[in-house]
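Each of the next two complexes has subunit A plus one more chain, namely subunit B in the first and subunit C in the second.
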Partner chain A sequence: MSPTLLEEIPPPRLTPIGGVREALQRRWARPGGRAYAVLRWSGATIFAAIVLGLVVSLLATASQAFGHSGVSFLWSGTYNATKDIYPTGIFIVGTLITTAVAIIVAVPIGVGTAAFLSELAPKWLSSPLSVLIDLIAAVPSIVVGLWGLLVLSPVFAHHVEPFFKAVPLLEWFFHGPAYGPSMVLAGTVLAVMILPTIVALSRSALTSVAREDREAARALGATRWQVVRTAVVPGARTGIEAAVILAMGRALGETIAVAMVIGNNYSLPHSLLSPGATLGSAIINNFGEANPGLDRSSVVGLVVVLLGITVLVNVGGQLLLRSRLRTQRAAP
Partner chain B sequence: MHRGPVSGRAQDRRHHLGGVRVPRGSTLIVSLVAVAVVAGACGSSTPSAAKKKATKTETSTSTTATTAPSTAGAATSTTTATTATTAVPAAHTAPTSPPASSTACSTTGGALSATCDTQSPSFKLSGAGANSIQPFFTRVFYYYSQADKAVSVNYSPAGSSVGVTDIQQNTVNFGDSEIPIPTPASGTGGNILQVPVDLGGVALSYNLPGVSGGLKLDGPTLAGIFLGTIKTWNDSAIAALNPGVNLPSTAIVPVHRADSSGPGYDLDQYLIDTGGSAWTGSAAGTTPSTKWPLPKVGVGEQLNTGVAGFIQQTPGAIGYVEYAYSLQAGFTNAALKNSAGSYVKPSQTSIAAAGAASSGLSASNFNIVNGAGAGTYPLANFSWTLIYQKQSNTTLGVVLGKLFDWVTTTGQQQAAALGYSPLPANVAALAHSTLLTLENSAGKPLFS
Partner chain C sequence: MSGTVFPVDPGSVPDAIGARRELVRRSARRSLRRRRIMGRTAIVSCTVAVAVSLAPLVALVAYTTSRGVHALSWAFLTHVPTPPGIPGGGISSAIVGSVIIVGLGAAMAVPVGTMAALFLVERRGRLAGALRFGADVMTGVPSIALGIFAYAVLVGPGSPIGHFSGLAGSFALAVLMLPIVIRASEASMRAVPRDLWEAGLALGVRRSRVVRSVVLRGALPGLVTGNLLAVARAVGETAPLLFTVLGASLVVTNPLQPMGALSLTIYSDGTQAYPAAQQIAWGTAFVLLTLVLVLSVVARVASARLNRQAR
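Our next item is the complex of A and B:
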C-alpha cells in the first residue's frame, strides 16, 4: 500500500546535494543536458575568443607604430622629420572635450526628461514622447552627422556661437572666430545621439525607486516637484550613473557624425568654438588612405588608444557602480 | 478603437496594431502577394528584353546633349542646397553608335569587336573610386544601361584610395583614381590596366559676397592662404593681384578635404610648382600627397559635397572642389595664374586646352598640372579607371571592355553637360589601345 501518512513521504529536496561538480553532473545526466551544456559553454568561449582575437590583432598591427615612437605615441603620435602626422595627444584632447560637452548638455536634459516622463507626464503624453525619443536612437550616425552639418552648423555659426561669445562670463570658453564646425557643435550632435540612452535608462531607474520613498516624502509635506527632487532622483542615482557611463562610451567612440561637424583641424583647440579633431574622426578620415606599413600601423595605434580609453571609462564606471551598490546594500 | 479578442485563449490575445485585428487567413494572402510583387520586380530585367532592342539609327545627338543645362538630372548625391536653377534634363535620346549588345557585334565608331556571345545573363558590375568623377559616371552608366539593359553598373564614390585598394584586392570589377597607381601596377589578379576616362578640373571656389567671380590668385598667394599667413581678404598680396576690386576685410577661412583626394593632390602639386619656398619648406614638402598636408590650418570636410556645403554656408571661405561640383552649386571661382603667366578661370575650354596640351600621356606620365599653353587652366587632371588585364571571366571581360570603350568615345558627349571636358583625340586613342590589351585567363586577347 502507498504511504498515506505525511511523515512517510520524503520532503522535497530544496537544496542540491553537493556542489558545482555534482550540479554539473546532474545537468549532464538529464536528457538534452549535454547538448545544452555544450551550447552554453561554446557560446561563451566563442564570444570571448572573438573579443580577445580582436584586441590581439589590433595590437599586432599597431605594434610597428608603438615600436617606432615608444610611449610618446600617446601624445605626439607618429612623428617624422618633415611632417608630424597623427598627433595623438591632440585627438585625445578633442575626444575628451567633445564628450564632456555632450555629457554636460545631455545629462540635465536627459534626466529631466526621464523624470518628467516617469513622474509628471500624463499617460497620453508619456508613451508617444518616449517612442519619439527612442526613434532618435534609430537614426543612423551619418544621417545625424549630415543633419548637423547642413542644418545645425549654419544655425550655430550665425546664432548660437555669437550668443555664447557675447556672454561675458563664458569668454574663457568661447572666443575666436565662429565658423560653424567646432567642438561645441560636435558636442551638441553627440548629445543628441546619446540622449535616448540616458532617457531610457534613467527612466527605468526612476520608476524602480520604491513607492515607499515617494509616499514618505509626500507624507512629510513635499510637493510633487520636491518629491522628485529629494526622494526619486537621489534614489535612482546609481541607475542614472550607469546610464551616463554607457552614454559616455557611445560618445567616445562616435566617428562619422563627429567627423562631419568637428572641422578636422589638427591643432590644439583654444576655445570651444575652434575646430578640432577626435580619435574617431581622425581614424575615419585617415584609414582609407593610410599606406600599408607605418602609416596604417599608426592609424591602428589610434584605434588601440581609443579602445583603451573606452575600456578605462567602462571599467572605471563599473567599479564605481559596484562600490556604490555595496555601500547601498551595507546601509541599513 | 480596440476590439476585444474573439476567444479568451492567451494565444489569441496578440498585440493588435491600431486596434484592428488581422484574421489569420489574410496574413498568408498578404505575404504571398508581397512575394509575388518582389519576384515580379526582380524578374523584369531579363535578357530577352535586351535582345528586343532594335539597333537605333545614328542621329546627331551631340547637339542635344550639349544644350542640356549644367545641372543634370543625374542622381548626384550632393545634398547641398544649391541655388543654381535645376532644369529638367534633356529628354534622353539614344547615344550614337549603340553599345553592342551581347549578340550584336558592331564595329562602327571605334567600338571594340569581339567573338559574338550567345545568350548572356545580365551583368551587374561594381566599381569604387574617386569622388570627383561620380556625376559623370552616374550619367554615363545610366545611359549605357538604358541602351543595353543587360548591363547595370554600381559605382561607389568613396575616394580614390578606396578604389585602388578595392581593385588591388579584386573585390570590385573596376576602380577609379585621380592619381594612377605607380607603374607597374598590379594586384592580386595580376597586372592592372589604367585607362583615362575623364578630363576634369579643380576649381578654387570662394564665398565672398560683393565680389564677383574671377578673383586673380597666383601660387604664392594661394600658398599663403592655405598656410594661414594671409588672414584677410583685403590683404595686400591679394589686393596687388586685383587692382580695382573692392575687397572686404572678412577673415579667410581655408577649407580642405579631410579625407584623401585627387583635387588636393593637384592643388598640392600646383603649389609645389608655383608656391615658392613658403610651401615647400612647410609640412607640405616637395612631393604632392593625396592627404592634405596642412590639417592644422582652417577646416576640413568630407568629400566634395562637404567642402561645397561649407563654402556655401560660410562667408569668407575658400576651398578646392571638382569643377563639376562648383558648376552645379553655382560657385564663384578664382582665376589662377598658369605657366604662361595669364590668369585663367576654370571652364570647359580652359580645361580642354590643358588636356590637349598633354603629350606623351601615360599612367606613369600623368601630370598635367601647370601645363604649357596660354589658355590652359593649371589645375586639370585625368581620371583613370583601373581594370585587370587578365579577366578570368571572359564574358565579363568583354562587357567591361565594351563599357569603357563606349564611355571613352560616345559617352564623352555627356561630359560637357556636367562640367567635364571631352577627352582629346590622342587620349581617347590611348584609352582604346589600352583596352585592346585585355586578355582572357589563357592570355588570348579578348578583342581584335
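Our next item is the complex of A and C:
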C-alpha cells in the first residue's frame, strides 16, 4: 500500500469522547495494564540503580587513592591518619587469617551438627534443635561481639591461649604474650557467628538428598553411618560446599564484632596470639577520623577491596548453589 | 575376580567350598563389627559436634539475659542517657531512634522490594536472571560497605542532606533489606499455584487485579515472614549506622537529625572500661536480643497462622 493511497482514505470520524474511550480501552487491554507494568519495572529499576550506585560511588570515592598508588594499593596502601602509613596488605592478611580460623573451627562442628540433625537424631529432638539454631542465627553481630569482648576475651587470656602455648606442635602458631584480644579470638567469635549459617544451609542440603539414595545404600547392607557417608554426604556435597563458601563470605565481611575483639594492632601478625586488624576493623576504626581527601579515599579503597573479595566469594557460592539446584532438577 | 573367592576346581579339595564360605562369613562378621564401631564413633562425634556448637550459642544468649535482666528497669527504658560518670540513665533515645530508623528503612525497602519481586515473577529470561543473581549476591555484601555508600550519597559533603541523619541510616538499612525482601517475596509469590493465576485471568480479570487479589493475597504469609525477618536483620545491624546516624543522647524524632540506635549504644558503652557503661551495654544488648528474637518468632508464628487461615 503506497503512502498516497493511505492519505486518500479519510480517517474515521470519531466523537472526541468515543476516541478517548477507545484509546483508554486499547491502553488497558494490554496484559496487566500499564500502571502495573510501570510498577514492576520501577521496582526492578530502583534496585538495579542502587546496586550500580553502590559500586560507582564507592569506586569514585576510592579513585583518588587508587590513582595515587595504583595496583600497589593492594599491598602497600596509602592510608595515613597521623602520617603513619598502614599497608593494606596487613589488613588483607588479617582478614584471611581470621576467616581461615573461623572456617577451620566452624566447618567440622557445623557440618557434624547438620548431619546429626538431618540424619541421626530422632525427629522429636531434631526439629526443636533446628528451630533453636535458626533463631540463634538471628542474634545480632554486635551482641556476639560484646560477649566476645567482655566474656570470652578474659577466658582466652587466662585459660585458652596459655593452653595452646603449652601444646608442643601448636606453639609454632601460638607464641608471644596472651592478651586476650587476638587473631584467634577474632576467628573464634567469627566461628560462633557463622556456625548457624553453616548448620542451616548444610542441613537443607542434606535433607534434600533423595530418599531412594538412602534406601538403596541401606539395601546394600550399609550401616546407618555408612548410609550418611556413602549416599547422603556425596549427594549433598555441592550444597555443603556452597554453605561453607557463603559462610566464608559472611566471615570476611563482618566488621563490628571483629573490631571489638581483634585488638587493632597495625603490624603484620607473627602469631595467632598477636592482636591484628582486618579490612573491616580498619575501616570502622579509621573512617571516622579520616580527613577528606586522600586520607578518606584510602579508607574507601579498603571498602572497595573488601567488597571485591566478598562479592567474588559470594558469586562463587551462589553459582555452586545454582549448579546443585540444576542437577537436582535434572535428576529423574 | 570370582576366581579369587572360589577355588577353580572344587573337586580337588573335598570341602573347599565350605571352608571358603566359613572364611567369607568370618570376614563379613569382622567387617560388620568394624563398620559398627566406625559408625558408632562417627555418631558420637556428631553428637559432640552438636554439643560444641550449641554450647557457645546458648551460653551467649543465657549470659546476655542474666546480665541484661539486672540492668533492666522502667527507668532504663524510659530515661535518656546520663553524661559519663553520672549513675543511672536509660536508653530511651536509642529505642526511639532504632524504631524510627528501621521503620523508615522498611517503608522504603518493602514496597520497592515487592515491586521488584513482581518483576522477577512476571518475567523470565536473561534480565530477570541477572537481577535475581544480583539480589543473591547483594545479600552477602558486607554491611559496612552499605554504610559507607549511604555516607557518600547522603551524609558527605555535596550530598542532599550533608550531615549525619537518621534518614541516611534508614537508607543504608533499606539497601540491606532490599535483596532479602526481594528474594523472600519472589519465593512466596511463586508458591501461589499457577492455576489460581490462570483461573483469575480466564475470568477476564485484569492482570494487575489478579496479582492484587489472588497472588499477593495468596503469598501474604510468606510476604509477612520475609519482611519481618528482613526487619529483624536490620534492627541488629551496627556497621551501616556508625557513619550515618552518629548517635544522640536525646530523644530525636526528626529523621533529618542525628539519632541514637540500640546497636550504637552497645558499641559505644560496651567498649568502655567502666562497669557502669558495660552494665548499660548488657541491658541494651538484652533489649535488642529480645526484640530480634520476638520478631523472628512472630515471623514464623504469623506465617503458620496465616497459612492455616488461607486453607
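The criterion applied here is as follows: the second predicted complex is superposed on the first by the 268 of 332 C-alpha atoms of A that agree within 3 Å, B and C clash if a C-alpha of one lies under 4 Å from a C-alpha of the other, contacts with A are read in each partner's own complex, and residues count from 1 in each chain.
Please note the rule applied: a residue touches a chain if its C-beta (ideal position, glycine included) is under 8 Å from a C-beta of that chain, and two chains touch if they have at least 3 such contacts.
Here the structure is a predicted model, which means the values were calculated and not measured.
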Subunit C versus subunit B on the shared subunit A, clash or fit after superposition: clash
First (subunit B), second (subunit C), both or neither touched by A:288: both
First (subunit B), second (subunit C), both or neither touched by A:177: first
First (subunit B), second (subunit C), both or neither touched by A:109: second
Subunit B versus subunit C as contact partner of A:117, first or second or both or neither: second
Touching partner for A:275 - first (subunit B), second (subunit C), both, neither: first
First, second, both or neither for A:36, with subunit B first and subunit C second: second
Contacts of A:253 with subunit B and subunit C, given as first, second, both or neither: second
Between subunit B and subunit C, more extensive residue contact with subunit A: C
First (subunit B), second (subunit C), both or neither touched by A:146: both
Offending stretch of subunit C which, after superposing on A, collides with subunit B (from 23-31, 41-49, 77-85 or 131-139): 77-85
Subunit B/subunit C common contact set on subunit A: 146, 149-150, 260, 288
List of subunit B residues in touch with subunit A within their complex: 79-81, 158-159, 161-162, 165, 251, 253, 258-260, 283, 285, 290-291, 293, 295-302, 306, 309-310, 313-314
Subunit A residues within the subunit C interface of the complex: 28, 31-33, 35-36, 39-44, 46-48, 50-51, 53-54, 57-58, 61, 108-113, 115-117, 120-121, 129, 131-136, 138-147, 149-151, 192, 195-196, 199, 223-226, 228-229, 246, 249-250, 252-256, 260, 280, 283-284, 287-288, 292, 300, 303, 306-307, 310-311, 313-315, 317-318
Sites on subunit A touched by subunit B in the complex: 82-84, 146, 149-150, 153-154, 157, 177, 179-181, 259-260, 263-267, 275, 277, 281, 285-286, 288-289
Complex interface listing, subunit C residues touching subunit A: 32, 35-36, 38-40, 42-43, 45-50, 52-54, 56-58, 60-61, 63-64, 111-120, 122-123, 131, 133-146, 148-149, 151-153, 157, 175, 178-179, 182, 206-208, 211, 229, 232-233, 235-239, 242-243, 263, 266-267, 270-271, 278, 281-282, 285, 288-289, 292-293, 295-297, 300
